[in-house]
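Chain lettering (A, B, C and D) follows the sequence in which the chains are written, and residue indices restart at 1 in each chain.
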Amino acid sequence: MTKTDMKVFEELESEVRSYCRSFPTVFTKAKGYKMWDEAGKEYIDFFSGAGALNYGHNDPYMKEKLVEYILSDGVTHSLDMATAPKAEFLETFNNVILKPRNMEYKIMFPGPTGTNTVESALKLARKATGRTDIISFTNGFHGMTIGSLSVTGNSFKRKGAGVPLQHVVTMPYDNFVSDSLDDLEYLERFLEDRGSGVAIPAAMILETVQGEGGINAARFEWLQRIEAICKRWDILLIVDDVQAGVGRTGTFFSFEQAGIKPDIICLSKSIGGYGTPLAITLIRPDLDIWDPGEHNGTFRGNNHAFVTATAALSYWKDDTLERNVQEKAKVIKATLQKLVDMYPEMKGEVRGRGFMAGVASEIEGFASKVTAEAFQRGLIMETSGPEDEVFKLFPPINIDDEGLEKGLHILEESVKSVVGAKELVGS
Amino acid sequence: MTKTDMKVFEELESEVRSYCRSFPTVFTKAKGYKMWDEAGKEYIDFFSGAGALNYGHNDPYMKEKLVEYILSDGVTHSLDMATAPKAEFLETFNNVILKPRNMEYKIMFPGPTGTNTVESALKLARKATGRTDIISFTNGFHGMTIGSLSVTGNSFKRKGAGVPLQHVVTMPYDNFVSDSLDDLEYLERFLEDRGSGVAIPAAMILETVQGEGGINAARFEWLQRIEAICKRWDILLIVDDVQAGVGRTGTFFSFEQAGIKPDIICLSKSIGGYGTPLAITLIRPDLDIWDPGEHNGTFRGNNHAFVTATAALSYWKDDTLERNVQEKAKVIKATLQKLVDMYPEMKGEVRGRGFMAGVASEIEGFASKVTAEAFQRGLIMETSGPEDEVFKLFPPINIDDEGLEKGLHILEESVKSVVGAKELVGS
Amino acid sequence: MTKTDMKVFEELESEVRSYCRSFPTVFTKAKGYKMWDEAGKEYIDFFSGAGALNYGHNDPYMKEKLVEYILSDGVTHSLDMATAPKAEFLETFNNVILKPRNMEYKIMFPGPTGTNTVESALKLARKATGRTDIISFTNGFHGMTIGSLSVTGNSFKRKGAGVPLQHVVTMPYDNFVSDSLDDLEYLERFLEDRGSGVAIPAAMILETVQGEGGINAARFEWLQRIEAICKRWDILLIVDDVQAGVGRTGTFFSFEQAGIKPDIICLSKSIGGYGTPLAITLIRPDLDIWDPGEHNGTFRGNNHAFVTATAALSYWKDDTLERNVQEKAKVIKATLQKLVDMYPEMKGEVRGRGFMAGVASEIEGFASKVTAEAFQRGLIMETSGPEDEVFKLFPPINIDDEGLEKGLHILEESVKSVVGAKELVGS
Amino acid sequence: MTKTDMKVFEELESEVRSYCRSFPTVFTKAKGYKMWDEAGKEYIDFFSGAGALNYGHNDPYMKEKLVEYILSDGVTHSLDMATAPKAEFLETFNNVILKPRNMEYKIMFPGPTGTNTVESALKLARKATGRTDIISFTNGFHGMTIGSLSVTGNSFKRKGAGVPLQHVVTMPYDNFVSDSLDDLEYLERFLEDRGSGVAIPAAMILETVQGEGGINAARFEWLQRIEAICKRWDILLIVDDVQAGVGRTGTFFSFEQAGIKPDIICLSKSIGGYGTPLAITLIRPDLDIWDPGEHNGTFRGNNHAFVTATAALSYWKDDTLERNVQEKAKVIKATLQKLVDMYPEMKGEVRGRGFMAGVASEIEGFASKVTAEAFQRGLIMETSGPEDEVFKLFPPINIDDEGLEKGLHILEESVKSVVGAKELVGS
């Protein structure tokens, strides 16, 4: 392959493509937290496939298991027929993840994407309650198909629907209006007043840390009060843990530390472990009132992903990984705070939880300049937030000290460079 | 694994599971048109992953390419960053499929499922035309997320939405009402009369052969008239070739013989070749007015699928495969017609095109009994149609004579057995 | 008042005004079938307030009763409090109209406009069945508020909504597609096929003769089959008799001759008798499951209208009026047919039933020219149909021979004049 | 008439009837602030037809004009043809109301009910802006047809729709959540954040004092900030002055004292003056972009109402009436405050503005008991609020001292009686 390769994408791929515009090079190889392009240039990956590669690229153990399975002519694609790897995944997930956390859920396999698990959750919540509306939260992101897009806050993405998005009421996420305003008092007033125009919804859907919406981390107390409100009004609580789950915030599920028990949990992205497409919907057993086939999808039986997902769960047999995230998260936070303090010109604010961290800058375009600069210096990062106002760090959760330090160092240099450039003054 | 394995699914998997109920055994291995369960029993697969395994299971060439790629630590997951396998797929698809057919389309990668490509097509049609409504057709099936479900006809599946499905007008598919009724005269009247209550839609979406809806094959003349109507009214024509495409009906695209040129084409299922999740949306270049990222999905960069999809395209460098399907399709059709003639008790009608064939029986429950009997005898088949009134044959399109004969023989024995059983009388 | 008066409307009234553009003069007085403008010019009224003045203008008996009531300080406005005139109307309507026809219905008073009774009917049908969709028919017109507009066919009026109109499926009205096509076979197929995309609706709503939609009269057999289909599927049948009811087609209710029994009947326009605003919704007693106040409207207790409505019912104590309409309708029809035969250039077709008659012309703009010409000659008539292709005769149903003859004569002269004009050739 | 009369309603009228249940007697005569039933019992009317009888019953001057018009055979019903009384109304309204207030608006006549003017306003706002959503406010009431019901807050009424109500976002009305919460900060955050899930709407619609929603009076500063927000975001401001307008709050339009200029104003109820059905929509001239007939209604040309409406405007030629309301309003307020202070048991709060006043009680059922007691004692009043928690005073705005005192006295006695009853303790 040669430099002309980017032309292939310009000529043949739809204008909808986006990341290849921010990272304009052709990638050929990846390992752990590193990627290489066709020219052999090495990159540190603080993007992690937008949360789909929490274990880094091409983890050796998963890779071994996957190749072994393929070579043995194991069933690749099976819809929802019973296969050995699916049985193994079900049992392992139950034994390693659910049981130790004292959680009891039925496991559903929708089509293998985040938006498909969200669509399945919304359908089931409506079926189980007989109600139609869903409460979602400002700056929530739940996917791009019409059902999920309805509960997504971003106006650019909503407008893309081409039709009005219905059956949803958006309420303020924690700290949306201001620090002093009690958003949940507002929400409760709407529910309790029969003249509020807001009907009791089937469910509330939320992320505990909003990944696309600006790395906003809800306080645990807020999550607990949300759970209490749901209980009081008999509303189902759906936690969309597609991006914040699978260890990203320091525990397997992002809500563990808050001590809440969602009725339905959406997982995708890193649940497959290896970047292999998979999604699961966890359902409180008494809510599992689906008729057979009432929701489905052709690739819901992606056995390659079952194999890698099962292998990935070996990371969770003890707390080594969790401790890694929790400890290194302090380093990340300290580094970001240091940057914010050091460069008041960027009017920055540190955001996030665990390995889902970032800095919001009030300077228009600042975050994009930082990620562009970082890419030049060999660090892959993306922006987040309704105005792309946040630069976002998503390192693999199993990254080692060296990788983290190198990445953070490039980030520091990039911020310094952008702050130093003349253009910032004019922004 | 032992017989207790099915219990795993009953205990841990959601009630939504369905095929594991029709085919109650744990599959472990597969090769070409054969599958084996944990007990070592061999099955002939006339199901082909509901059209996702047109090349059979674990094709050796694709497998070799895939394992080679994995072992080389090629990038597995890349969102829509540029990677070498994606470039190769784009070029190969353009050179092997599009150019020789004199087709020019931009290629979009939505999330890797059929419903996601349909959602992207509907969004784009609405954006490009500024209109909201879509005309779909009776018994069409396009997916289970809210956008796709809106254009799906099946009432059980629609009801699952839990919300009213909007912005769609359903028109009669070819021969829906009766042979004598000209359904398109009806459709045109609705479009031309300003008092019809039906606004000019953004698009029409259809399958040329309806897979889930009862193996209904639209006549080529009907498809040509649909195209002419779309042109007359400046309506976009979307062909959902997720199930009927990739060779299933005898040509790569199902609409080639009809000589029509859709504005947007949806592909998924077998486009990945190996059962690996992939979906693409082909867009008439001047309609490719997406803003970057206006539609997206985490697993739209599934490089394993790019590798196998590219390998699969080697089947299309000459017409061997097409001829195989077209010739063997005659054998299938003749066999089915023979069965219908031999057993008038089943009140059967042969349906379909190419390797997308079936028999509709007016006897309630007949088709399900045939597929159950076939499974006992080692043949995997499913039913189709709003009342499961069709037993459906979906052999791999590269099946050899021996496989086809063996499968058809089991089918014949199964039909004979069901017809002979006393219960039929009582139906 | 002087000629400057029309300026008042141009300067102060909204652009939405329409009839004052077709009939550009200021009316001051009216009696029976006659109107006079400020210049003293006399007009024959074949418009009858679009069906709200079936008894002509200012009927002496109703006038006497109304003035008497006003002078006695009878309650004018009472919401739905009990008043003497309301009691009298209820009893009289029951005794004079319902009982003799062997009809049993509860009487509801929505806001005093046609669209309000339709809105109440749709709400109740949805409540009683628990379903959301309504089947309406091509070229149906039911009103301009969002609920009624949803079941209205006209695209110009629908577009005015500014939002997508939902929860409705439009089916072909009798003879919509062509004479040879059996539209109801089509409708039934949609209902019986579980894959048709059309759910069993709460109700069907229709006019037996479409007033705004082009003076289309459904055949009695068609209405009877509609009733049978509704019964078969447990769908409520709503007859919107706002325009065709109260004697317009030759019987009090327009559907009497068809022998059908609607579940809900909408009446307005001429039910008040004197042009006084009133609307009623007749409800099959077991469907009267409203909660108190679940639908309401400030002017639902318009006692002036109760007084005139009761007085108007004296017309129905014997069959004199009905015979008048039925006999004179033959004269109207014969005259129209004569015109169509005499002037083949206008490519005309006679339409309608009773005193709801018209001629559809295939020549673009012809009908509008005829009504404009007629106005010049002292006859007030309007056009109808999605393209204004029909000139429409709506004489008062109690018109005498002289009035009818004079009006028809002017019409004949007007048609002759338009046909003779050179412009027609070029149309 | 005899006592059996109420049976007529029970037997023949729909279950939807409501006020005849609260006021179970048959009314026969009315004059000014007094009503009489068939037994000759006299009542003081503090209900005023829910705001449709601001000038009391059967005002002598309007009555004279109306009878004169009827006797002269003036046109009664004219759709939107030009008539002399309509011209006179247009000119008088412009000269007496609009010009002196320096207001320039085009006048539209929708169907003659409050809900019809609201529907027309929403349509026009959507057409003028090309947007679909409307922001309405908690406990707003705008009507019972689907468009108006969509922007109404009450859950009982919304549920009656039988379909989901769309294209609306409900925001908190002034003081909805609590005194300390700044609701408009909240609203603005939603508008300015591109991730809030709330699109810039076509319009906001509000009442300055909520009549049905609990006699909530928005502060003038709040209304001014709403206007500023609308201007900032180019959102149309619709004031629904159907209930609060025509002098009810002390000025002709309820918003005059706040100094705001709505883009569209909805009037009905007392605009006809005599209880005669009429509604008008006032439109900022540059927004008057209707096509002719794009919205209409059969009874939009109710000339009896034009006659009485014009006569009623004679009340507004000087400020006598306004001063009467403003002065007597102080008496009402003082009386209510006295009651609240005297009977802390009722946990009351005085609400409202001008002659739109009431007391909200935290004691469940208290307000209903008061109105029932008052009725027994000859005073007609209704309740308001989502839980009927407010007893509401709506005296005619031209009431004299004697009438007001008598009514207030009965109210005081009624409250005293209810407070004294033992049941209250148990509530």
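Methods note: a contact is a pair of C-beta atoms (placed from the backbone, for glycine too) under 8 Å apart; a residue touches a chain by one contact, two chains touch by 3 or more.
In UniProt terms the chains read A, B, C, D = Diaminobutyrate--2-oxoglutarate transaminase.
Being a predicted model, the structure only gives us computed values, none of them experimental.
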Interface repeat test, C-D vs A-B, B-D or A-D, passes over-half contact pair overlap for A-B
Comparing B-C with A-C, the busier interface by C-beta pairs is B-C
CA centroids of chain A and chain B: separation to the nearest Å works out as 31
When centres are defined as mean Cα positions, the distance from chain B to chain C in whole Å is 50
Distance in whole angstrom between the CA centres of chain A and chain C is 58
Touching two or more other chains in chain D are residues 132, 156, 163-164, 166-167
Given the complex, residues on chain C that touch chain B span 132-133, 136, 138-140, 152-156, 158-159, 164, 166-170, 172, 176-178, 181-182, 185-186, 189-190, 193-199, 213-214, 385-387
Within the complex, chain C is touched by chain A residues 163-164
So, in the complex, the side of chain D touching chain C is made of residues 1, 5-6, 8-9, 12-21, 23-31, 35, 38, 49-53, 57-58, 63, 66-67, 70-84, 86-87, 90-91, 94, 106-109, 111-116, 119-120, 122-123, 125-127, 132, 143-148, 150, 156-157, 160-163, 166-167, 202, 242, 268-269, 274-277, 281, 283, 288-299, 302, 304
